[in-house]
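Following are the structures in question.
Heads up, the next two complexes both have subunit A, just with different partners, subunit B and then subunit C.
Up next is the complex of A and B:
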């Protein structure tokens, strides 16, 4: 009987409308406004992005060139690919693209004297302060004025585990878990207002709550925009990065994108059975033959099995030779 | 990236446009989930019905995007065609819960 009345009382908890008008809505409005202000301050602070000087731009682009070759090497004919591979691995090995080709390893001691490094660190610090300060101030405000307020009730039940999360600042054992305290309302807002900011400021805004969390965990080291900084904020040894990229390139096998293109074309338009392609795959896997011999074998296979229209074959060959020319011109 | 087989079809996608498309998706989804939350709160949905409402609503939106925006061929716009149905659904859930709670509280808890 007693338990029943407790439940009844729990369900019938009444909240003063003044709480809604003076606590619930103001917290939300303040958070939205602070988010908007912070977005604009961040935009102002960032200003125009700092221009990289010629040497460091060359360094990053050189590295990118290796990655591009690995990714899109299949568009080049064999000889062009090999030429690039030889050139790039050689250049990476020797450190041609390094900012300071002969410098080798920098002594770690004078990192703080490097103005670029210090500037990057200050930049990251500034941005992080922009993220942390407003959140701390709002949290302090809510804690100071509204601690212990019950603001709202969640429309869905939760397990007792969430009690500490949703009822921060309220030490009541028996209250239903779904009632939300002021500080927890703040957290709900922090994560839920993303969509409002997206609507108000467009996507890619700088009022991101997720970034705050990151900022709090990696305080002072937000210089991820600088390619020379590792995740820990230490400048990395670029030569090592170049060497590992070189190894990756050496491991990359060339696969000519137009290999067997005539057969693939005929298969696509239904002139040849699809099984031919699978046969080729098998043959390749078994024999591990070089690309030239397998393609010649395949073309003889075509000639023997069916009589493909000569025009299509000629067109495919023309396309192949055209792209070869293009590749040579680029080299 | 390193060493693994690179799909030649990747060259068909321009990273910039893929990023733009997913940005648009995020925009649509987050606006929609906020509005859906307002609707759920106004209707006074509780418990599972609220979550089911959200997922049914998201599925409806996905079908709309699939049919109207991608004209039935999402692989033209996304690397994974299924992204149309999954991208941003869970991200919108937090916004949905916030607005659902807000409207539910204002209308049904405070009188």
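Up next is the complex of A and C:
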């Protein structure tokens, strides 16, 4: 009986229409207007984008060169791969691709004296201010004037877990979850007005709440826009990055993808059984494990079909090449 | 009208080169002014139609598009590049070169202008300068595989234009090696495209490294089933290799594999030409060649 009256009372709770007219709608309208104004101010502040520099472009693309060779070098024949490897490791070591090839290794002086860095930082600060200040002000306004207000009742039932989301600022145990507090209404607007802004300002607008969150988490000093800035916002020593990439390339073994392409082709057209490829794989694995001879992929096939003298010759050559590779690794 | 805009958008996204289609669809859009209804996309359509119109030789349409763009974005580098292309189209190459130079002075990383400059040098009949400019461009924009492809073409073109005397043979081999290098870069950047593998294989064959060429031709057929040019390439290589003394290099293809591959290529070629799509004369000629080889 008691529970029944509680529910009855809940449903009987009425909101003053003045709350709708003077709190609910104003909050929404203010948020939309602030978003629009913010978009225009950001556009104004952004001004002309910074001009890219040919040398820094070359620096980044140079690094890519190493990465591409490591990832796709297996498509090249041995001689082509080795030539590129030799060239790139040498160039990375010497810093050919650095912006300033001679002074590459010197530690940078005080970054605050670097005008480009300071400018980038100011840019990031400006953007952050544009993002954070308006939201803080609106939140303060709502907290000051409307704290503890219940603004609206959602027309659908919700589970108890939504309570902390929908009734922020009202710490009541018993109130039904569907009632929304003023602060929660603010948050719902903050995240929900996205598509309204897209409608008003077109895509790619700057009134984006998600970007606020990003800005707050990274406090990004333009980190995303400038690849040379590390996650801490400090410029990184590119020569070090080049050297580590060089090490990666040196460790990359060349494994030619076309070594047994004829057999793969014959298998593809059903001229040879599929098992032959698996046999080869196994033979290769065994060869690598014993490390006596990194026999070529086709060696098992060759050995089974050619004269013994040829087979031994093949093995000897493979062993020689393996020892050569080992020597290179040691060097 | 909506459909035309959609098709143009798709063409822009896929970067296909179909100037005739673009002009056919874009011309009524531009001339009726309906293009303005596309809002922000309108300017992209103008640019697209302008380039296509220059390609098919419709200078008035191109002029109209470029004027509209100039009115909207005065002084923009992208529009000035279009104006340069227009000058190129009417043969005022020097003026066009000045425009590109001016763009690059303001922004040295402008890729579009740098590319136009390369092609301009080629149009002016200065292949050596064009190669130099393209090499400089690729040194910075390493990942532009189309640039590498163009460079390979430049090297091959130079080979075709110069008559090879005996004393130029070395230079010719160098050119092939350079073209092969470019194709290797293209393959690394676009390893799944069989057309690039085919081109590389043909260059290798011209370089007389038949063993490598055979493997590349096999790769072509592996990537693209029953690729006729690839199959012919395999036939060419295997017949050369089978006639020559067996290779002592252990990495080379064994005689058994050569014979099997040769047989396979013959069989596939005969099957492709026998499938009924080919003309009778083509069938008999190709069959004769395949059996004789």
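As a convention for this text, the second predicted complex is superposed on the first by the 185 of 331 C-alpha atoms of A that agree within 3 Å, B and C clash if a C-alpha of one lies under 4 Å from a C-alpha of the other, contacts with A are read in each partner's own complex, and residues count from 1 in each chain.
Everything below uses one rule, namely that a residue touches a chain if its C-beta (ideal position, glycine included) is under 8 Å from a C-beta of that chain, and two chains touch if they have at least 3 such contacts.
This structure is a prediction, so every number in the text was calculated from the model and none was measured.
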Touched partner set for A:57, first subunit B, second subunit C, both or neither: second
Partner chain in contact with A:125 - subunit B first, subunit C second, else both or neither: neither
Subunit B versus subunit C as contact partner of A:157, first or second or both or neither: first
First (subunit B), second (subunit C), both or neither touched by A:261: second
Subunit B versus subunit C as contact partner of A:80, first or second or both or neither: second
Contacts of A:72 with subunit B and subunit C, given as first, second, both or neither: both
Touched partner set for A:15, first subunit B, second subunit C, both or neither: first
Which superposed partner A:36 touches (first subunit B, second subunit C, both, neither): neither
Set intersection of subunit A contacts, subunit C complex versus subunit B complex: 72, 75, 202
Residue ranges of subunit B touching subunit A (in the complex, touch as defined): 1-3, 6, 8, 10-11, 23-24, 26-27, 30-31, 33-34, 40-41, 44-48, 50-51, 91-92, 94-95, 97-102, 104-106, 109-111
Subunit A residues touching subunit C - in the complex, by the definition given at the top: 51-54, 57-58, 61-62, 64-65, 68-69, 72-73, 75-77, 80, 84, 202, 258-259, 261-266, 268-269, 271-272, 296, 298-299, 301-302, 305-306, 313-314, 317-318
Residue ranges of subunit A in contact with subunit B within the complex: 15, 17, 19-20, 24, 28, 67, 70-72, 74-75, 151-157, 180, 188-189, 191-196, 198-199, 202-204, 244, 248, 251-252, 255, 257
Touching residues on subunit C, where the partner in the complex is subunit A: 40, 107-109, 139-143, 180-181, 184, 187-189, 191, 212, 214-216, 218-219, 221-222, 225, 248, 250-251, 253-254, 256-258, 260-261, 263-264, 268
